[in-house]
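In this document, chain identifiers A, B, C, D, E, F and G correspond to the written order of the chains, with residue numbering beginning at 1 in each.
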Amino acid sequence: MKKLAGIVVFTVGLILLYGVSSLDDFPSWGTPDSPANKSPLSQYFIKNTIVDTEVPNMVTAVLADYRGYDTMFETVVIFVAGLGIFAVVRVFEHGGASRVVTADTKPDIIITNTCRLLIPLIQLFALYVLAHGHSSPGGGFQGGVIMGASFILVALAWDLDIALKRFSEKQAFICSGIGILIYAGFGLASVFLGEEFLNYGIIHKILPGVDSPEMARYYAMLGVEIGVMFTVTSIMFLIYGLLATRGKMTAGL
Amino acid sequence: MEEFIQSRFNYWIYVILMMIGLWGMISKNNLIKKLIGMSIFQTAIILFYVSVAVKSETANIPILPHHGHDYSPKIAFAHAVSDDHENGGHDDHAGHQAHPVGPKIPDPDGYANPLPHVLMLTAIVVGVATLGLALAITQKIYREYGTLEEDQLLEKVRADDHG
Amino acid sequence: MIDLFHLSLGGISCAIVTWLSSDFLFRNDCKGIGTRFVEAGRFLLYCFWLLWQIILANIHVLKLALASNNQEMRPQMVRFRTSLRSEFARYVFANSITLTPGTVTLSVEGDKFVVHAISQKVADELPGEMEKRVAKIFDQE
Amino acid sequence: MEIVAATLILLGIVFFFGAVIGLLRFPDFFTRMHAAGKGDTLSTVLIIGGFILYNFSQGGDAANWNVLVKLCFIAIFIMLTSPTSTHALMKAGYESGNDPETLDDEEPEEKEENVS
Amino acid sequence: MEIYSIKPLLAFLAPLLGLVFINLLRKKPNWREGATFVAAFTQCGIVFSMLPDALAGNYHVFTFLEILPDVHIRLRADPMGMIFAMVASTLWIVTTLYGIGYMRGLKEHAQTRFFSFFAVSLGATIGVAFAANLFTLYLFYEMLSLATFPLVTHHQDRDARGGGRTYLTYLLGTSVAFALPAIIFIYAKTGSAVDFLSPEVLGAQIDPVMGGILLLMLVFGFAKSGLMPFHSWLPGAMVAPTPVSALLHAVAVVKVGVFCVIRVYTGVFDQDLLQSLDIGVIVTYFAAFTVLISSLIALSQDNLKRRLAFSTIGQLGYITVGVSMLSSGALSGVESPQAMTGSILHIAMHACGKITLFFCAGAIFVASGCKYISQLDGIGRRMPFTMIAFLIGALSVIGLPPTGGVISKWFLIMGALEAKYLFVMVILLTSSFLNIIYLLPIAVRAFFIPKNEGAFHGSVKEAPWQCVVPLCVTAVLSVLLFFFSGPLLELCSSSADFLKPR
Amino acid sequence: MVEHAPVLLMVVPLLAAVFCALLGLRWKALCLPLTIIGFIAALYFSVITFLQVSASSDHQVIYFLGGWNASEFPRGVGIEYRVDLLNGMLLIVIAAVALLAAIFSKQFVSMETPGKEPQYYALFLLLAVGLMGMTITADAFNLYVLLEVSSLTSYALIAMGSRRASVAAFQYLIMGTIGASFYLLGVGYLYIKTGSLNMQGIHDILIGEGLLESPAVYVAFLLIFVGVWIKLAFFPLSTWLPNAYSRAPTATGCIIAPLMTKVSVYIMLRIMLTVFGPEYVYDELSWSGPMVWIAVVAIIAGSILALGQKDLRRMLSYLIIAEVGYMVGGAWLLAPGGMARGESLYSTATGLVGTGYHIISDAAMTLCLFLAVGAMIVKAGSSRIEDMKGLFRKCPVTMACFVVGALAMIGVPPTCGFFSKWYLISGAFEAGRWEFAAALIISSLVNAVLFFRIIEFAYFGKLPEVDDAHGHHQRHDEGGMEENPPSMLVPLVLASVALIAIGLFNKEIAGYLSQFLNTVAMGGQG
Amino acid sequence: MIFAFDFIILLFLIPVAIVALQLKDLLAAAMVFGIYSFLMCLLWAEMGAVDVAFTEAAVGAGVSAVFMIATIFNTKRNSSD
């Protein structure tokens, strides 16, 4: 078995090396002249994101607008992961179920106090990452992960029960669903306004104070990212809760 | 030779990392080890994509310095369209001439290619989703069989099949 | 990038965080806003003192690390009871101890502190002046 | 200004260096944690301070203020988290039965330890 | 001349409609059997109503749909199909009556299922008879295989299981393994599923070697013809209730097999191609071999039905031999060869004779419970009608006057002479002789040897009238065919006219 | 709304899934109706899309998501959907299969995964969404994302089952991730050589810039195909399939088994024809010889392994491997050099028509069989073949449907299995690949043996309660009948009717497929 | 683009990856895997992919490590290989 694995691995490696090693075929690393970098597609993105969408961060613009559909399904992937993990590990033990015995159930004063100080900051940072994702690295997903991490931190510093009091399992599910609904809602809104799915430009017709499709895209992207954040935050927390408690959702790590 | 190494180094390392990851996935006995291998594998692929996007020396991160709104949307939009379609998107100087007071067009060589970055954001998300699900399945396996070693596991499954 | 839209986003973010976790940051509401500002001011002063202490201690540890023979190294556990009453004050104290190189708070249970010190010199300084200064911040002398 | 900044950064590196030496030389888990956990706090803060000064020296328009605030936040963050993490690690080590090498019993240096 | 008409379809659908009613009326046995009768008479009526047109050379044609590009499911009542359809539908009526007697006499279970699948089988048989092209033929051929499976395994016991397994393995196996690829190959070559009226389509596309292989694949693919290496399903299928053996395994199914073989020879390959196929001789040899060996095996069988089954295999061999001689070069230039006529005629003649024999075997079983020939000593006195019918049937199968078998055998032997296949003639004669040896003694024993101990219960009487009447009818039919074979002969020779170059 | 049908057919079930997960928390009973509504909507929109496609002049409907229209912007700036005749049909099949499986699963979900109905149905919907997206997307990376959506849902759906299911799901996950990652990597190689992610765009650049001989493209091809082969369980890479499919919860098996591999085969076909193009796949590579041989091995191995199984679902799983061999072999039947000789794809690709047709018919067959087997397992209490005794008497309708499915699998006319074999074998003859035809015939025979064995058990085995008490009696036929509830029977009967319907309308379907190939050939030239 | 920096991190990645796979203590392996992710994230940031690096920092070095540790905590810490 190990031998077979070795053979497979080396074959794959050789094939890949064969692919990248040909000097006149495979573009060198970092050359601006590679077909990928010279292609109209890449050039279009660099040149036109700002005029199409008013968003300086090309990655965000491409992510949330040009390839917004991908991102919608990226969110769905997260949602699927949450649902799937719930479906796989969640056990329902009503009544006198034994709590998971943990190494130290008593919260430590130093840690809890640090977390008390940090968690609001982390959450603020998460929101900053989300809101500022248009002009600096970041966006809904990163913000969502950080936000989720803040709740995970609560669970780590105190106890999952405490965390669940702030953000219960049910709320997590609802938030994750709402995130996708927000995303798909933007898409459907553009459908109802007579354009293609996720063609945010048209939303300027109903958005007060926005007169150009470009700005509409700008704002819609923010809205979409908020949707992503909702889903990611809640699912990250949910996954942590489920994994840390073997699906019992009480006490735990 | 130095040139050769330097121009491919990223790719070679990615291949090696991928081999390591694949080897971990296939031949490791412990399920969590397999998952670590899987993550290494996926990360190596992301490395590949990110390497594709690099434009050495000349390029900046794909975020425009936001000096107000000096990219005039309306004109630039029309220009961009005509530019890309009549000149195949390669010649932006012509665009400048066509619009003497025209907008500032970002230089395509001045920024890293944003598209692979976008793709890889998605890939990372997919990776973490897969990892989470796999860990959940691992926990379920442990709950049912009490072991995470593949050989013991397969034996127990076989016993299940016969029993 | 400072425009109305982003400012309002910032405002909204703050509001959201307040709504989400204000009860974390301010656990008891009995203190007035004035007290809090005063405490913050004192805390800032304390920080500068602490930074100085940290530098001193760091040099000490550096010396320890670089010394050819570890004569001065006397790892030991120091146990003592603190006079600080509020939990947050104890927390600040414990963190300060940890921040100063050479001493690390191992556990805080009630008013009992267990501190691990790396040398006799730093062990002797405990709880010492630091506790007093912390107490001063929070009016707990 | 730039010279001060460079000095601060250098100083930070010196403290880092000390921490690394300590990490290598100290006899047991706890003492090593002293070196590792604290050396970097000060040095990071110093280095960040150097960055701040350097940043100022480049002229102060809005973007740099932006950077300044971010750097300050990082420094505060490290000051806040570093002692906590050190504490958590030490405590975990203490409670998992890793007896610290204390004044009373001088032990040989090659003591098996568990990093995590 | 082709007439677009719905009649062939109706003939096919009549049993299927019957099936619906049989199932609807499953709670009322008498009504249910009534439905079967109605279906049988309807079918028979429809088939015979097409006879005048068929004799006049006007073929009724019905096209279902274009199921594959350029492949239609098409039914056509041409003379050869007419003969077969007439035989099958006529005998269905008789068999139904017999079946009722048999099933009720033995208090068999699942009678609704029995009659349902019986009807489906008959539908499929008619479908085969009227199939106008190779694809349609294959379709109904497979339908018949599957529809008869529940009948073969009717008893649902260990024997039935084994028999059924062999049955399906051989029939489905050969058809899927040989016939289907051949048909698909022909389709791939010609873009159509050769219509039986235009065999030259294939001839233009194919070289002799490939043609020979195709011929072999098709002949052996239609294993219902009982050609020797693939014959053992037939004795295996004898576990079925006797009406099934009688109608299906003496008439419908096996005749479908040889019918398919005849179709292959006459409808798929045109004469020029056939003449050039040296490999076709193999079929003749195999068939001759089958005739001889099966007769020898039949001699050694004590089980009456099995003996009859092997006899059937031999008789099927006659038909195959007759038709396979078409592929020898000797017949070139001969219009409507006599062997061909003999073959087609033998379908009808043998059907009447053999069904009589099976009916008798069944009647004996119903009346006395005897399955073995050695138990039959003296039974002729208790069951005179049955055993006289048996005698007539045996004569017909052997080919002695005054029964229909003589005529077809005559044509076959003349055909062999015509094709200068002397060894075929010798084998046919030898086989007839063997037929005498293994069939006549049964009747002789039944009448002349006194009853010995433990053979059958003393109280054996004739079987129920529903059993006896049919077997008398078929026996009489066998005799009548000898005297009134005119229309049949006419049909046969017009069938053989297929071979004329058009 | 009509012009948005290509996207609505995914968005509506997606929303249904979300609502299912949300409302299900409070009202569990809402889940199934929501699922069914979602799939009915999907079916409706698929049919509309297909009608649009067949009505359009160039037989395809292109939908630009986000409005990044290729006529105004460079191709591939946005993501586009491209529905042609083949994937239009496939959409309908997916929606219909999912609908039937959802109805069927009613009895099982609460039994096999208690308390998790909302999640189950949500995942179920999302699986179908992912599969539908995979079929119609024209963007190579979007395909990856949707592939992962469907894969993750299927891992979860399988792992929800018994304890053995979780191990199988883990193996599946590892293999699936390797496959998907290889695919992603292959797309990366293509991207670096062409700079495009749009399938048609990649193809145009490959042809236009003469990249057909580039090693990187070759490696991309290898990687993508190995990835896809893992996903579709092509023989040597199929080790995960039997475990995963046979141990999955019954309801899960009913949707995964019919759809996953078939859609993956379609993906392979699509990549062959659209991304690399027949010029590359058939002419440049000339892999047809070895590929068909591997397919032959796959068919034979799948069939023989199936022979050795005692468990009904496991047997079916091995048969899926054989069926995959049919389709892969059929897709590669085209002789190398044909394109260069100027033969149009349209006139020489009966094998491809057969593959396309078999994708559809195999989806229906597998659905019918898995549904029937699910229903049989309920009645027999186990999935072992020996335990199927006497089922004909107990549940005749179920067994009749099973027999129809079995006949289709064997390839008996007029079921669809016969016609797909017909096309495949005639394609093999056309290409002169005798071994492939022989393998198909052998597999048919083995299938006959396999299914016949089961039917035998079900038909002959005596039930304890039906004995001489009822024997020799007219009412014997009805004795001991306990048919499954209508929620199981209706989908089952519909599925078996569909088998015959697909068979009878094979000419129309094949016509669409030829038309599709014609379009591909046109696109390849243009 | 700083080639040396890139070079060093890349070279460093390989041993880290191998160690992550070879450690018998799963918790340690998970931590080393976190280091691997973090190195990757540095590398990407250096290559100009800031968004990707940011995400990897949050996900690879953060959340996935936490998930892994949670699982290891709930299952078994030692592996046979």
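Miscellaneous remarks
Everything below uses one rule, namely that contacts are C-beta pairs under 8 Å (C-beta built on N, C-alpha and C of every residue); 3 or more make two chains touch, one makes a residue touch a chain.
These figures come from a predicted structure and were not determined experimentally.
If chain F is left out, touch-linked groups of the remaining chains read A, B, C, D, G | E.
Under the touch definition stated at the top, chain E and chain G share no contacting partner at all. Separation of chain D from chain F in touch steps, taking the shortest path, is 2. The chain with its C-alpha centre at the largest distance from the centre of chain G is E. The chain occupying the central position, as judged from C-alpha centroids, is F.
Most remote from chain B, judged by the distance between CA-atom centroids, is E.
As a whole-number value, the distance joining the C-alpha centres of chain B and chain G reads 16 Å. Inter-chain centre distance (chain A to chain G, centres taken as mean C-alpha positions): 19 Å. Taking each chain's centre as the average of its CA atoms, chain D and chain E sit 99 Å apart. Across the assembly, chain C contributes residues 1, 94-95, 98, 105, 107 that each touch 2 or more other chains. Multi-chain contact residues of chain G (touching two or more other chains) are listed as 1, 50-51, 55, 59, 63, 67, 70-71, 74. Shared interface positions of chain A, i.e. residues touching 2 or more other chains, are given as 16, 20, 26, 30, 34, 36-38, 40-42, 44-45, 57, 59, 63, 67, 70, 74, 77, 80-81, 84-85, 88, 108, 110, 114, 117, 135, 137, 141, 239, 243, 246.
Those residues of chain A that touch chain D in the shared complex are 103-104, 108, 110-111, 114, 117-118, 121.
Chain contact summary for the complex, chain A toward chain C: residues 108-110, 113-117, 119-120, 123-124, 127-128, 131-132, 135, 150, 166. Across the complex, chain F is touched by residues 18, 22, 25, 31, 34, 38, 41-42, 45, 48-49, 52, 81, 84, 89, 115-116, 119, 122-123, 126, 129-130, 133-134, 136-138, 140-141, 144-145, 153-154, 157, 160-161 of chain B. Those residues of chain D whose C-beta lies close enough to touch chain A in the complex are 73, 77, 80-81, 83-84, 87-88, 91, 95.
The touching residues of chain B, when paired with chain G in their complex, are 6, 9-10, 13, 16-17, 20-21, 23-24, 28-30, 32-33, 35-37, 39-40, 43, 46-47, 50-51, 53-57, 59-63, 112, 116-117, 120-121, 124-125, 127-128, 131-132, 135, 138-139, 142, 147-149.
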